[in-house]
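We just call them A, B, C and D in the order they show up, numbering each chain from 1.
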Amino acid sequence: MNIPKITKILEVKNEVKDIKTITFNHPEGVDPGQFFMIWIPGVDEIPMSVSYIDKDVKGITFRKVGDATSALYKLKKEDRIGIRGPYGNGFELQGNHILFVGGGTGVATLAPAVEYVVKNKSSATVIIGAKTKNELFFEDRLEKCGVTILISTDDGSKGFKGSATDLAQDILKKENFDSVLTCGPEVMMKILLDSTTIPFQASLERYMKCAIGLCGQCCIGEGLRVCIDGPIFDGKTLKNIQDFGVYRRDSAGRKVRF
Amino acid sequence: MNIPKITKILEVKNEVKDIKTITFNHPEGVDPGQFFMIWIPGVDEIPMSVSYIDKDVKGITFRKVGDATSALYKLKKEDRIGIRGPYGNGFELQGNHILFVGGGTGVATLAPAVEYVVKNKSSATVIIGAKTKNELFFEDRLEKCGVTILISTDDGSKGFKGSATDLAQDILKKENFDSVLTCGPEVMMKILLDSTTIPFQASLERYMKCAIGLCGQCCIGEGLRVCIDGPIFDGKTLKNIQDFGVYRRDSAGRKVRF
Amino acid sequence: MLPLADISTNIGSLPLKNPTMLASGIMDEDAGSMKRIIKCGAGAIVTKSIGLQPREGYPNPTLIELEYGILNAMGLPNPGIDEFGEEILQLKKSKTPIIGSIYGANAKEFIELGQKMEDYGVSAIELNLSCPHAKRYGLEVGSDPKLIQIITSSVKVNVKIPVFVKLSPNATNISEIAKAAESGNADAIVAINSVKAMKIDLDLKRPILSNKIGGYSGRAIKPIGVRCVYEIAEHVDIPIIGVGGILSGEDAIEYMMAGASAIQIGAGVYYRELDIFKKIKKEIEQWMDKHSYKKISDIVGVAHL
Amino acid sequence: MLPLADISTNIGSLPLKNPTMLASGIMDEDAGSMKRIIKCGAGAIVTKSIGLQPREGYPNPTLIELEYGILNAMGLPNPGIDEFGEEILQLKKSKTPIIGSIYGANAKEFIELGQKMEDYGVSAIELNLSCPHAKRYGLEVGSDPKLIQIITSSVKVNVKIPVFVKLSPNATNISEIAKAAESGNADAIVAINSVKAMKIDLDLKRPILSNKIGGYSGRAIKPIGVRCVYEIAEHVDIPIIGVGGILSGEDAIEYMMAGASAIQIGAGVYYRELDIFKKIKKEIEQWMDKHSYKKISDIVGVAHL
């Protein structure tokens, strides 16, 4: 039933400044790319991608950006939150050699997919993009998987200087990948989509309320519900969606340009 | 679900004046002694014991006594009625030699039990009591079973002259039975109970509304619900029930003396 | 392991050994039935609603099961207050409180009924101002705050025992009506009676109940009842008794958190048998032990933030 | 085998190819979503309820699933009538009627909203006088018959397209309110909006919805909706559109027998996917063929004896 289940926070981990990971008991199966609705009682209920997938334990990794994430940021081990889900479709993980492009907290969404790909004997290259060195996280975790990691920072404080898309375009020219999977700022993902012809999947963020396909809050294009039909969409679908990379809708349903 | 299921009357059979049998499709199992709630649309819904038990077909046999039974009496093949049930506990059919004592339409309730007993290789004696010869029914049907049939009529127009209880008391003195099963006027059943010590079961009639144990309309003694805990009660239970043979309750819950 | 929790409760001045009560209209028209329910563990019994005159109720069908509840229009069958005395008198020795439910068309009728119930020895009176399907009675009386206040205060000044007022969810503003009852000096509010509803048979193209419209009870109405109790609790200070779709200990706890000091069980008797009272008591105890609650009053109303 | 039954219907002067409509509030806040529902077979679309100003709605949680239905308190989020024009204009070529749902605090607001909707090109207007949880709007306006009449007639004289009035079951006497709408010249009544209800989380001891109280929809409320439509049909002569817990063709038929000329589907979209419209259409056709009904009007209201 789609009603929050109250659970205690198992662990809180600081990743970098303003970014934390929270884990909780959740024995049901979850696919990489799916998300939960996290209820912070008295504050809000917000969507969060699964960032850790263990047998009985799942985790989310988030950046403090406003009311709800700040409240979540303050919570400690043993504090109670409500969880419903997992929701959404998750990534389709096929192909022998996959390029992941993560911008900002998008890396959190990609990480379980990277781990899955490696476990299934495919190889992966992961581009992690951030504004600056201090905002990079999950580098160690992904290194442990044995994938190739490429870093880009806007200010060049680490790795490639420039955007993750620039770096991706470079590498796509040099190497043959079976597909590109991306999560990050929508404008970045849109540029990436426009610059490649190989199979493409992007994870989208839209304002969510019901997360079960009823309220229509998260719809894009011709009634595609990001909460159910997404949050992962393939390149073909995205090319037909005018909204992609152009505008999202706020809580009132008004268009907001990126 | 306890909601009337609409069904078409398969056959209507005249038994004797004012008494008819109606059959209908009803593939679910029913035990002898159980009853249905029969909805005559626009008129009433009334309890009726099962009088015929076949694989897919069940039947009821009733006397025209008032509004609802008169309306039912007028219905023809293909007319629609609502059925819910079966309800109640049914008879416990154990022992090798059983005495059945039926008064009036009570014979209808007993008939399937007699047939069951014979089919299970026990033997039975059936006393059919009626006011007069013309009111006797089911004689042929039970004769075909191969049981001993004894008739009593109040006016002596056929068989023993007197009440079925008098006849039963006679035969109980002469023969050893494992148990007595009875259905008929409550005063008659009460006399029978008081005059025997062998295992005893009687089928009771009380005003019924819900038939699922909620409304309390049919209660006797200390909250025994005739619709669920009955309609069949054993001698031991009945001896502790002050109501038995003394009063019933009308639709308003008022006591009505027999 | 013995339960640690104390599940006794009070409805104002009326103490109950446990918070489970039998709701009006379920196996409570005769002394024998009520005795059986007492043995099944109920903390109190509310009688069938009784009027001045005997009433046969509506023709059958009067009750059917729906997917998620029970639909009934019994039509307030009852033997009338005079004949009902005999039943109550048989329960005189009961240690379990008997609460006499009454219905009437006006204050005068309610006063006479209340006084007779008091004479018979009941522990409290419940005014049924909320039957969803009886013409002239119940809801037709109970949706007017002014009338509610007058009836309540009239009964109050004429009897010494506590007076509870049972309300209907079929009202635009149930808390306004509860406030009217409180200002009429009611000792407690009982909420909710069943919800007006209908089932049509498609084959016969007609409503199944002979009265067409009935009252909906059972599981489906719990969220409506919890909301009513919550709303009422925000507006009155007298105790509330929660009713509607309570089938488990957790259902009971939910009503208590919304503001109920005790709860009543109707349709639950069908879904979980007569010993639902024992079952729910045990479930409440277990829940309280698990969550370290010591007494019922620690739960009542905690969901009001 | 091709269906024999003709399932086209009329809501007064508005013809529908089939009686299934999308209820207000479900995937109808933007043109793209409405286009998708049209492709799924809906006979008409009712938009999200739109007000004069943009509204963000309440914080989450705004919607949860209960055992037998959905509980929501979205808080009427909407982009405001001016920005919403762009969505409606994109649907101009649609052959499926679009019905603009509007909410306001008084007649003046409703008039302005109605006129703008008409300018955008909608086929009819639905006055949401029944939102169970929005302060100052909805139910608080819609439980006063006088106000309903004034608002309805004010909108009527200012627009040419049909005006429907959507009513709440959270009213003591829904047929009185329907009569008020009729006397205000409403072209049809829509019943019902969701039922006021609440769910409390026992672990956290608090109502789950941020607004505490929400509107209950889905299976559990069908018997309440059918009753409302039946009662209204006994008191008004204008067409009725049935809503509440419709998940199957038989549910739709039950509402029609109670008096509905068309039906709306809300929570059903969750339970039976977006193509519930196609599914229910087919189920209605099959039922009609099996029971030898030729057209919808042969079913409407037959359960009134």
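Worth pointing out:
As a convention for this text, contacts are C-beta pairs under 8 Å (C-beta built on N, C-alpha and C of every residue); 3 or more make two chains touch, one makes a residue touch a chain.
Because the structure is predicted, anything quoted here is derived from the model rather than measured.
Grouping the chains by touch while subunit C is set aside gives A, D | B. If you take subunit A and subunit C together, the chains in touch with both are D.
With respect to subunit D, maximal separation of chain centres occurs for B (centres as means of Cα atoms).
Centre-to-centre spacing of subunit B and subunit D amounts to 52 Å, using the average Cα coordinate of each chain. Subunit A and subunit B have centres, each the mean of its CA atoms, that are 71 Å apart. If you average the Cα atoms of subunit C and of subunit D, the two centres end up 34 Å apart.
Centre-to-centre separation of subunit B and subunit C, using mean CA positions: 37 Å.
Subunit A has residues 42 in contact with two or more other chains.
Touching of two or more other chains is recorded for residues 66-67, 199, 206, 305 of subunit D.
The touch graph of these protein chains is an open line. In summary, the structure contains touching chain pairs A-D, B-C, C-D.
Partner subunit D is touched in their complex by these residues of subunit A: 1-4, 6, 37, 39, 41-46, 80, 82, 209-210, 212-217, 219-225, 249-255. Subunit C contributes residues 66-69, 71, 139, 143, 170-173, 195-200, 202, 205-207, 212-213, 216, 219-221, 223-224, 226-227, 230-231, 250, 253-254, 257-258, 287, 291, 302-303, 305 to its touches with subunit D in the complex. The residues of subunit D lying in touch with subunit A in their complex are 25-30, 32-37, 48, 54-57, 59-67, 70, 72, 74, 77-80, 83, 199, 201, 203-204, 206, 208, 210, 266-267, 269-270, 274.
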